[in-house]
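I'd like to ask you about the structure that follows.
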Amino acid sequence: MSDVADISMPHAEAAPRREGLARGWFRFRQSRLSMVGAALTFVVLFFAVFGMMLAPYPEHVAGGIETGLRFLPPSWAHPFGTNELGQDVLSLTMAGTTVSVLAGFGVVLIGTLIGTVMGGIAGFAGGWLDEILMRFTDLTLTIPSLILAMAIAAALGPGFENMVLAISLSWWPGYARLVRGEVIGAREEVYVTAARAIGASPTRVLFRHILPNCVSPIIVKMSLDMGFAILTVAGLGFIGIGVRPPTPEWGTMLSNARSYMPDIWWTAMAPGTAMFLTVVGFNLLGDGLRDILDPKGRR
Amino acid sequence: MGEALLQIDDLHLTMSSFDGLAHVLNGVSLTVRRGEIWGVVGESGCGKSLTGLSISRLVQSPPARYPAGAIRFEGRNLMSLSQREMQALRGTRIGMIFQDPTTNLNPTLKIGTQLIDVALAAAHHDSSILSGAKGREARRAARALAVRMLEQVGITDAAARLDSYPHEFSGGMRQRVLIAMALIGRPDLLIADEPTTALDVSVQAQILALLRGIVADHDMGVILITHNLGVVAQTCSHVAVMYAGNVVETGPVAQVIDRPAHPYTRALMAAIPTRETRRGELQGLAGTVPDLIRPPPGCRFAPRCNRATEICRGQFPAMTPTAAGHSVACYHPVIEREVASA
Amino acid sequence: MLLFLVRRILLLIPVIIGLTIIMFAIARLLPGDPVGLAAGPNATQVEREALAQEFGLDRPVWGQYATYVTGLMQGDLGRSLLTRRPVAADIASYLPATLELVFAAMAIAIVVGVPLGLLTAIWRNRWPDYLSQVVAIGAISMPRFFLGLLLQLVFAMWLLWLPLGGRLPIVVMPPPFVTGFITVDALIAGDFSTFVTALKHLAMPAIALSLSPLATIMRMMRSSSIEVMAQDYVMTARALGLPRRKILTRAIARNAFSATLTVIGLYFGWLLGGTVLVETVFDWPGLGLYATKAIVSQDMMPVIGVALVIGLIFVMANLLIDLAYGLINPKVRYA
Amino acid sequence: MPEPVLEIRNVSKTYTGRRGLFGKSDPVDALRDVSLTVARGESFGLVGESGSGKTTLTRSILRLEQPSSGQILFHGNDMAALSPRSLRRLRARIQIVFQDPYASLNPRMTIEDIVTEPMLIHRDIVGLDRAARRDRAAELLSLVGLGSQLLRRHPHEFSGGQRQRIGIARALASGPELLLLDEPTSALDVSVQAQVLNLLIELQDRLQLTYFFISHDLAVVRYLCTRVALIHHGRIIEEGETNRIFDAPQTEYARTLISAAPEVRVPA
């Protein structure tokens, strides 16, 4: 079947394949879904930065209450109606983007950092250190992550930072396992043996030869995880552990809306849909990135 | 000489890719008769494997397309058959063996199951394979046939080995199982794509001897695809040399290897070190294989050929006979006397 | 095989110890005032101290841990500050509800997801495939609690087809306890109307919970089927004239499913812990709801107990998956 | 006989059975009492089929693995007895070219990075600053028949044959005297193989290199090597002058191996 492999590069000796950014971008653009994901992500990031400023009722975002305007159904003035405090749901939802996106970024970044350090050391060192670190990782994985995050968040007390920290502490094992697997895979690569044969120091081997070749799957996992991190943040808010009012947050908004169902159903629609679209955006983007950066990990 | 078993006529194949349309096969012609073992040789990317897969119509299309050409099997044009009709030919009339014996067997199924599946599928189209047995009877007959086939390819204790999984066999043994699988439906044409490339030399010799014996016993036609001229010399009766999607020289092995007429064939042979080659005197072939998306006009070998002239860069040379059964696609073939003095 | 099982079961011991240490560390080393919350805002200093003493919270952490582990060996998971009941008894009454929900969701996910994944792999790059890919991404991205709310709104509040929440209406007597799964127990008792009622209660939470694993299993099955279709042995099977259906069942379904199995195992554990939100939305009296109430009041013994039980079930589930994997894949052997 | 560069004395390597979760695997004897001597300036060929222990021996010479028993001497010094510092210095003098030209170059590095890395690691020996290293890399590239304008490129832009030349340039960068050639041409097409073999011969003549050439291809070994050893199941079966082994093999294994190898008679 040797020539089948050659189909992709029928001119193996002549003009070796150009696998550059241009080609990746071309493939990314080919996939309409990836483009939708990129567009959605862009919109979400836009609202994360400017949502508070663009909100039609900034005073509501700041915590202002207008009891006279309680539970107004959707109208031109309030496209998604008003809530039990008379606040404009659209404004709160727009402003809520910031907390969700920041928390999502925070969780994924901290999780990646801890996970990469743990997995990198475990995979590179091997032996008993690997054994200890991975046992600990597996142990953390057996604890249901949402309950772990809830317990930590509850113990640390309310607040944005505590919530992000709590979720991150239940988030890193996935990265540790991914990075360890990648490092072990890369460690067996011939070019790593070549570097060792030259006499490269272990640090050089790790930072120059192994880690740079593990970056793609990590980036892909980060973009896929963003959506789930945002969902977890909202989940904590929904249960009532998380950011305290008046800071607008989608999960808390949904939780409040639930108390007035089914008659006042519209207060749930904007935050729920925003959450859904945000996660869809990050997932589509992640899928697209995976297809171009890490075709092996396609599952 | 009997009727042609397989006749490939001017087969063209293109592949679309990111970089453009690659002209992978550029008018391949080949005729195989019963009892002949054709070696198809060439370097990677020359289109030899795609030629083999095209005969079984196993090239995925798209991206592949066949703009022109015919493949006639006992007179029927395979290019016009439906997938269903084609499937009826596979295994029963045309058998195939691939390069890597470790990946070509299903790791989760017993050897016996895999052999029996193929036998039953073949019996579906040609009931004589299991002497017309039906239902449970057919399964039993297929099992017995599987044992006989394994014995024929030299696996001892065949009945017991039917219940083994592929990973319990060595590479050479697995290739024997695959040969048994390819032959269990009694095909008339066997296409073997680099069947020994993944094996050690000593095992390679055994497998090639096995193939030769089987062809003699069954009066089949064989296409042996390889990059190794030594394997061709050892095994084949005829050879077709391919370069960049073209057959450039065909003929009986003795003829072609003793008196290679195409400059590429000669270069290929000169690149292999032999007993007589002195240190530092091996002749490499300068230049690179052409880009099949933008192939050079005329003869595709011309840019690397030291005999090329203006005419070579104009139009592709047609196959011209030089001796009995020996043809070459070259405007300036090397004639016998020159070879002798080279 | 037996040796393998024994070794794997022995490995549970360090898992239990590790789990309790981690949970204990969170419960006792992080700031928080569980006693204050349990005693109420009006409690005096003396009352608080009495409560702390009753629950051993005045002692050093390692001493509390030692007591806990000693109790654990006798099946005692401690007492809840809030309900003042033994945690083990609480968990025993809530666990079946959660398991029933998870099993139902998993069953939906596997029964629908696996064949759908295989079909979309066969239809690759045609419109049914594209459509189901888009739907799958949507299903994975849908917040379970929002979906739950939407389902409630449509089916329970507008259409009035299904009940809003809970396992059974208060007026219906639950069937005699056998498995703890009300649907199963009702069937055992031969009480068909209770079975239907229970099933109606189960439907929405199970669907809300199943959507994301369903989509994941489908995507996994699809991609591993596609991967297997590109294997050399599938090419050989085609080249030797095996009918398409046979190739699918023999080569693809079998090899692709073994990859999907691992995902199913992981998801099972994930679902056990992930029921929290769905249980909250549907007032499903399960472990998640129990844990949530405990967490909000920083009542840590139930939380440790729940984490321990779920962790152990997760490990056991993965052990079963490994065994199943070995049955499908002859190369994995047990010494 | 000229002074020996590399002496392998009674080296054995046993991989102990690994006790994993899924049970225990049997111990494997990868090398059994292997003794070989490679003299300065010669091309020594080691021939074996897959699983014969070729790779383990190479890795042991490079000290990527420790032999279970026996000694490997480089210029008379036992490599196991060297301090980490001296071992690192020694690595500059023994270099390797790998079989797979696609896997042996780090895809994230430029050709310049790849070729200058050995000089950077051994800058205390090589003694070149950044600019000088780049000049030397360009020099090495032209030495192996590639243009120095390719320094900024990445490995994926090159064909198999070109990559193998880059691999050779990297191996030469630290100024080694002994090159381990681990099947350097078996992943290449014959016409490219011929180019690389000729390059190796040219380099040996110019730089007075010693070659330890590992291959399963008898024809290639006979072309390149002056002395040959046959290895089978971790044991040296036969050793001697190339012509002697090919013309009058002493052992049954050598005879089967030589007779099994297909050969093309070049038209005389």
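In this document, chain identifiers A, B, C and D correspond to the written order of the chains, with residue numbering beginning at 1 in each.
Just so it is clear, a residue touches a chain if its C-beta (ideal position, glycine included) is under 8 Å from a C-beta of that chain, and two chains touch if they have at least 3 such contacts.
As the structure is a computational prediction, the values presented were derived from the model and not from experiment.
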Each chain counted as touching chain C and chain D at once: A, B
Two chains sharing the most C-beta contacts: A-C
Geometric centre: closest chain by C-alpha means: A
Chain B-chain D separation of Cα centroids, rounded to whole Å: 34
CA centroid of chain A to CA centroid of chain B, Å: 51
Rounded Å distance between chain B and chain C, as computed from the means of their C-alpha atoms: 54
Mean-CA-position distance for chain C and chain A (Å): 23
For chain D, residues that touch 2 or more chains besides their own: 159, 189, 192
Of all residues in chain B, the ones touching two or more other chains: 43-44, 98, 100, 227, 288
Chain C: positions in contact with at least two other chains: 232, 235
In the complex, chain D residues that touch chain A: 62, 64, 87-88, 91-92, 95-96, 98, 100, 103-109, 117-118, 121-122, 156-162, 167, 170, 174, 189, 192
Contact footprint of chain A on chain C as seen in their complex: 14-15, 18-19, 22-23, 26-27, 30-32, 133-134, 137-138, 140-143, 145-146, 149-150, 152-153, 157-158, 219-220, 223-224, 232, 235, 259, 269-270, 272-274, 276-277, 280-281, 288, 291-292, 295-296, 298, 300, 303, 306-307, 310-311, 314-315
Chain C to chain B touching residues, read off their complex: 231-233, 235-244, 246, 250-251, 254-255, 258, 328-331
Chain D to chain B touching residues, read off their complex: 49-50, 159, 189-195, 197-198, 201-202, 205, 216, 218-220, 222-224, 246, 256-257, 259-268
Chain D contact footprint on chain B (complex, rising order): 43-44, 200-202, 204-205, 208, 227-231, 233-234, 257-260, 267-277, 279-280, 282-286, 288, 339-340, 342
